[in-house]
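Each of the two complexes below includes chain A, the first together with chain B, the second together with chain C.
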Partner chain A sequence: MAGGKLTMPLAAAAPVQACATPRGRAFRVRGAWLLLLAPIAAFDAILFLTPLGTLVSSSTHNQAYERVLGDPLVIRSLINTLEISAVSTLVTIVIGYLLAWVIWRSSALMRVVLFALVLLPFWTGVLVKNFAWAVLLQDNGLVNGALQGLGLTDHPLTLLHNRFAVVLGMVHYLLPYAVFPIFAALAAIDNRLELAARSLGAGELSVFRRVILPLTVPGVSAAGLLVFIISTGFFITPVVLGGPGDMMIANQIDFYAMELTDFAGASALALALTAIVSVLVAVYQRILRAGGTHEVG
Partner chain B sequence: MRSANSRFSPALLAAVPVFVFLVVPTAIVVPMAFNHSRYITFPPDRFSTDAVTGFLTDTAWMSAVLASLQTAGIAVVLAVLLGGSAAVALHGRQFPGRSAVTAVILAPMIVPPVVLALAFYQFFNSVALVGTILPIGLAHAVIATPYAFLTVRASLSGLNPALVRSAQSLGAGTPSVARFVYLPVIRPGLVAGALFAFSVSIDETVIALFLQSPSATTLPVKMFTDIQYNLTPKIAVSSAMLVTVATVGLLVQVFFMLRRRSIARMLPLTAAAADQTG
Partner chain C sequence: MTQPTTPISRRSILRTGAGAALAVPFAGSLLTSCSIKSSNAAPANKAVTVTSYGGSYNDQLTKTILKPFEKKTGIRSTLLANTSLAALKTQVQSGDVQWDLVELTAPEYVQAVKEGLLEKFDYGIISDKGLPSYAKAEYGIKYLSFLFVMAWDQKHIPDAQAPKNWAQFFDQGRYPTKRSVYGQLSDSSVLEAARLAEGVPFDKIYPLDVDAALRYLAQHPGRDKLIYHTANQEPVQQLTSGEVTLSTSFNNRINAARKDGARLNFTSSNAVLAGDYFVVPKGARNKEAAFRLMNFMSNDADAGADFDQTTNLTLANTPALAKLPAAVADTLPTSPKMADSILVRDDTWWAENLKATEQRFKLWQAGS
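Up next is the complex of A and B:
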């Protein structure tokens, strides 16, 4: 954390300031930073905290929590969310580790190129990516054409509007979020450990399994949790790439609000989702702090 | 230290298709925008600019582009001003409740977009502020501000607060300190913050979907509605436009990565704070 590191020079400079500047001026300067904080305080109070307050008060009407949590459709979308998020996270972490590894093993210039390839989907909006996947995966799309061209199948496979497409779209979206923390964990490893292991006769595989993998476990678990947290909020991808059976919690909130116009129910569900995410974020930050390879918050 | 043969490891071979997988969806939408056929396929059978001219003369799509630009404009200005000033205010300053203040500033990043969308919908209805792009712009400013805060904070991490004190002890007033000490240091952070804010707003769909009205439909909302109904070349054209924006963002970030480390270090930070819309 930047603030933590900077306390020392600040403390050292304070006495100098006390004798060099007149009292009145020091007071004025001290007040100035509060003026800089005032706009965001007012903004967040009115446009972030008040809307969340509206959500909380809305959720207390009509026994919303009992109704929503007893709804089989909600339970279905909850199970969907857990299943889809778990599978997407697992695939993302395995592939993300591979990418981070290759980037880590590359020369300085190659690293920038490979990072750029990972960053391109990071900058591209989710609708563009989902649209492209919908075109690629349709019955007469490029993927089906290639599969038939290679003789792997003689009729178009249904690749769209199912869970496979949702997971594919989500993994594509999530990969950058896994690659960067895992890369950071790899980059923090002392090179000499690997040299020592090799000089003691360890091969490539056992260096990985017994030296590098254990050292990156905190980074990988942090990345996994981050990816899982993002997964639970997906809304667009299940609609565009999924079928009716792939609705996730976010879609259920939308359904309650816009189709059923049950805003109390929608708010209750939204707050339940926020509570789950907040707990996961707290755990995530604990892992990061314990791992010590990251700066956050 | 790495041995020569580790460069041609099986890992690299396995990673090549994954890098292709990452790039392909972004790469194909630009040629698709120039597809002659009325039905959208890849690869295009014949090239033409019909879809582009069709897009540019379609009032519904053009008003969506305009709404998106106005929304992003509001979000960028507010995010940079609010996030930037907050980062400067908190720089090198210890006080009780500091981490709580930081947590509130960053919180919009971790609340799932659909939750914010619902909260904003009910809030803006209760204050009778609907039917224009203003609520969408303000909502986007809320989710974009943490990004600007993080980028400016990252650029400030190299500035020793003692430098500020010594400038003051040499007689520099607050305006001079702001102009000659802070501004040169935070300028790259402001640029990156503006870029992130623009990118967040121009791609954001869920909140804009909840707050939309016939007179305030942003580009992603129009795309989302049309994708469900039919895959048309006009969606490819708007996708190609958004890919252009993404490429600019990418190039700026790569430029920063090559020139100085601070923005590169900021990326995992951005990722760490969780995210926009899926």
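Up next is the complex of A and C:
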């Protein structure tokens, strides 16, 4: 409200000065708009920047970085995080692409149904999904029961508390984050391009490889990076579905804070994770921008 | 269309312990001024917030101690289930102390004292008449003794074939199944169990040879045969759901599950006797009420006897022991009849070695 009142007199006064300094007018109006951001900036400063400051200052105590980066368990968790995130991202993108493709090719009604199927798990809590998988995958769970019932194996397979279960749980969570950007990229394609390709004699595979796929590359990269960024912060899934060998960096932060009560070490680790994710976010935004121009062109 | 906002921020900031730990001091500093004022305005101490381990144990504590205490004194208690030294430390450091009486394991107690996080116990309010000598400490009371035991699912392992010692418990030839063991060491004795399994006598267990214990576990039953629980109620859930047929647990948890009809059992043979402390965080708002509750716990014979009988744990309350029938007294962790078949956990060793050993164990779990 205050911002609105403030803008009015500025805008009204502007024409008088406009002739003399057009740049001054633009500056003033933009300055007034910035005031509208003040509540958000204050909110951000209180709830994000201040705790971040505490985190930074806490991480400088007791040679936290030296200790943490010299801990073989941390190195192991970092490697785990990168490996698990990369595999989950790859699987999510492949399945997500197929799903987006099917939705894109479906009739209007079918699209609604399929979108609902993608959205339903999206709205379900990650903890609920993870425990559901834990129940399904345990030694005497539904999956092992079915495998043994069908005579495919005579003893229960180890499906739970390992890397496979973690990736499965993560992909289930991440799928919507891949489907939507890829679908958006597919939906943006001018369908006359496909007709043109066909009229020049291209088969189904050729159309996909030479027309559709290149046009969706920016969408896929954006989805891939988004999914990868989210993957690096997973905490609950490795706890519920993974074994001790699948600890990710968030679990390591938890271990430092809760078990070792080493808050300096936990802060240092949290900042390391924040730094990695920040770099990825920057890259993500570049790809989004590049993707935008590509679609327009 | 998508809502990409929540997962990153929620996961990386709120879900991690550090995020929570570091957000709290900040929120605390905003609140401190009001909270000091309110506690000055209301000195009556009509309530006490107690924090323990949850599950069946919390139900038992409410029924046998907290309700009778309220009836007698009018002091209401809130019992929470999320006790942790890390949270206590955060509350004290931020000056926003929410808890009045907090359960800590023995090594955690020593660490909290070392870091200056606790209030001195006021033995003017707490009469030490009922307190056994081992229980009375400057900054807390070792109010509880329990047994770390091996437990099994009777549907798959009938009592006749059940393990009688840790060597049998870990024997892969005898039980080719998975075992659930406590993933943290603060109040679990899985490393001691491995040493006992190897045949080390009780009086030679400490100082604990951690590497030897881990070597034993890698061979018997093997890393892939171990899964880890982190909450005390988890083994009961894992055993009753059939996820595992053998697990480590505590005697009171299995007893409570049996009373609820679960087909589980345990043995006190080869058990490890350990204890937990109740402490008062520095700056607790209702410390007077907390001390009065401690006084009640240590001296009220009826409540104490009810507690011992219901939980099969020993409360640090000597008058209560006199009221118990022999059949119950003989099953308590501190019963002289069991002294020869159980190991007493060495709190001093653990207080000095807990952190390093936790890290070593975690690394071993991860495969190195």
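To be clear about the criterion, the second predicted complex is superposed on the first by the 250 of 297 C-alpha atoms of A that agree within 3 Å, B and C clash if a C-alpha of one lies under 4 Å from a C-alpha of the other, contacts with A are read in each partner's own complex, and residues count from 1 in each chain.
Methods note: a residue touches a chain if its C-beta (ideal position, glycine included) is under 8 Å from a C-beta of that chain, and two chains touch if they have at least 3 such contacts.
If you're wondering where the values come from, they're calculated on a predicted model, not measured in any experiment.
A.B. asks: After the superposition on A, what does A:L226 contact: first (chain B), second (chain C), both or neither?
C.D. replies: both
A.B. asks: Look at A:I236 in the shared chain and tell me whether it touches chain B only, chain C only, both, or neither; answer first, second, both or neither.
C.D. replies: both
A.B. asks: With both complexes superposed on chain A, which partner does A:D71 reach: first (chain B), second (chain C), both or neither?
C.D. replies: second
A.B. asks: Just checking: does A:T54 make contact with chain B only, chain C only, both, or neither of them? Give me first, second, both or neither.
C.D. replies: A:T54: touches chain B and chain C.
A.B. asks: After superposition on the shared chain, which partner residues are touched by A:L288: those of chain B (first), chain C (second), both, or neither?
C.D. replies: Once the two structures are laid over each other on A, A:L288 reaches chain B alone.
A.B. asks: Applying the document's definition of touch, where does A:A270 land relative to chain B and chain C: first, second, both, or neither?
C.D. replies: Once the two structures are laid over each other on A, A:A270 reaches both partners.
A.B. asks: Taking the superposition on A as described, I'd like to know which of chain B and chain C A:F164 touches: first, second, both or neither.
C.D. replies: Touch status of A:F164: no partner.
A.B. asks: Kindly classify A:W101 by the partners it touches after superposition: chain B alone (first), chain C alone (second), both, or neither?
C.D. replies: In the superposition, A:W101 contacts chain B only.
A.B. asks: In the superposed arrangement, which partner chain does A:P244 touch: chain B (first), chain C (second), both, or neither?
C.D. replies: In the superposition, A:P244 touches chain C alone.
A.B. asks: Between chain B and chain C, pick out the one touching the greater number of residues of chain A.
C.D. replies: Here the partner covering more residues of chain A is B.
A.B. asks: Which residues form the common part of the chain A surface touched by chain B and by chain C?
C.D. replies: 50-51, 54-55, 58, 138, 140, 176-177, 180-181, 184, 226, 229-230, 233-236, 239, 250, 253-254, 257-258, 263, 266-267, 270, 273-274, 277
A.B. asks: Which of the residues in chain A end up touching chain C in this complex?
C.D. replies: Contacts found on chain A: 50-51, 54-55, 58, 71-73, 76, 138-140, 158, 161, 176-177, 180-181, 184, 226, 229-230, 233-236, 239, 243-245, 247, 250, 253-263, 266-267, 269-270, 273-274, 277.
A.B. asks: Quick check on the complex: what are the chain A residues that touch chain B?
C.D. replies: Against chain B, the touching part of chain A is residues 2-3, 6-7, 9-10, 12-14, 16-17, 20-21, 25, 28-29, 32-34, 36-37, 39-40, 43-44, 47-52, 54-55, 58, 95, 98-99, 101-102, 105-106, 112, 114-121, 123-136, 138, 140-142, 170, 172-173, 175-177, 180-181, 184, 191, 194-195, 204, 226, 229-237, 239-240, 249-250, 253-254, 257-258, 263, 266-267, 270-271, 273-274, 277-278, 281, 288, 294-297.
A.B. asks: If you look only at chain B, which of its residues touch chain A in the complex?
C.D. replies: Its residues touching chain A are 1-2, 6-7, 9, 11-12, 14-15, 18-19, 21-26, 28-29, 32, 40-43, 78, 81-83, 85-86, 88-94, 98-99, 101-108, 110-116, 118-123, 126, 138-139, 141-142, 145, 153, 156-157, 160-162, 165-166, 168-169, 174, 199, 202-203, 205-206, 210, 220, 223-224, 227-228, 231, 235-236, 239, 242-243, 245-247, 249-250, 253-254, 257-258, 265, 267-269, 271-278.
A.B. asks: Looking at the complex, which residues from chain C come into contact with chain A?
C.D. replies: Counting only chain C, the residues touching chain A are 1-2, 4, 7-8, 11-12, 15-23, 25-26, 84-86, 89-90, 111, 178, 183-184, 186, 224, 227-228, 230, 241-243, 355, 358-359, 362-363, 365-368.
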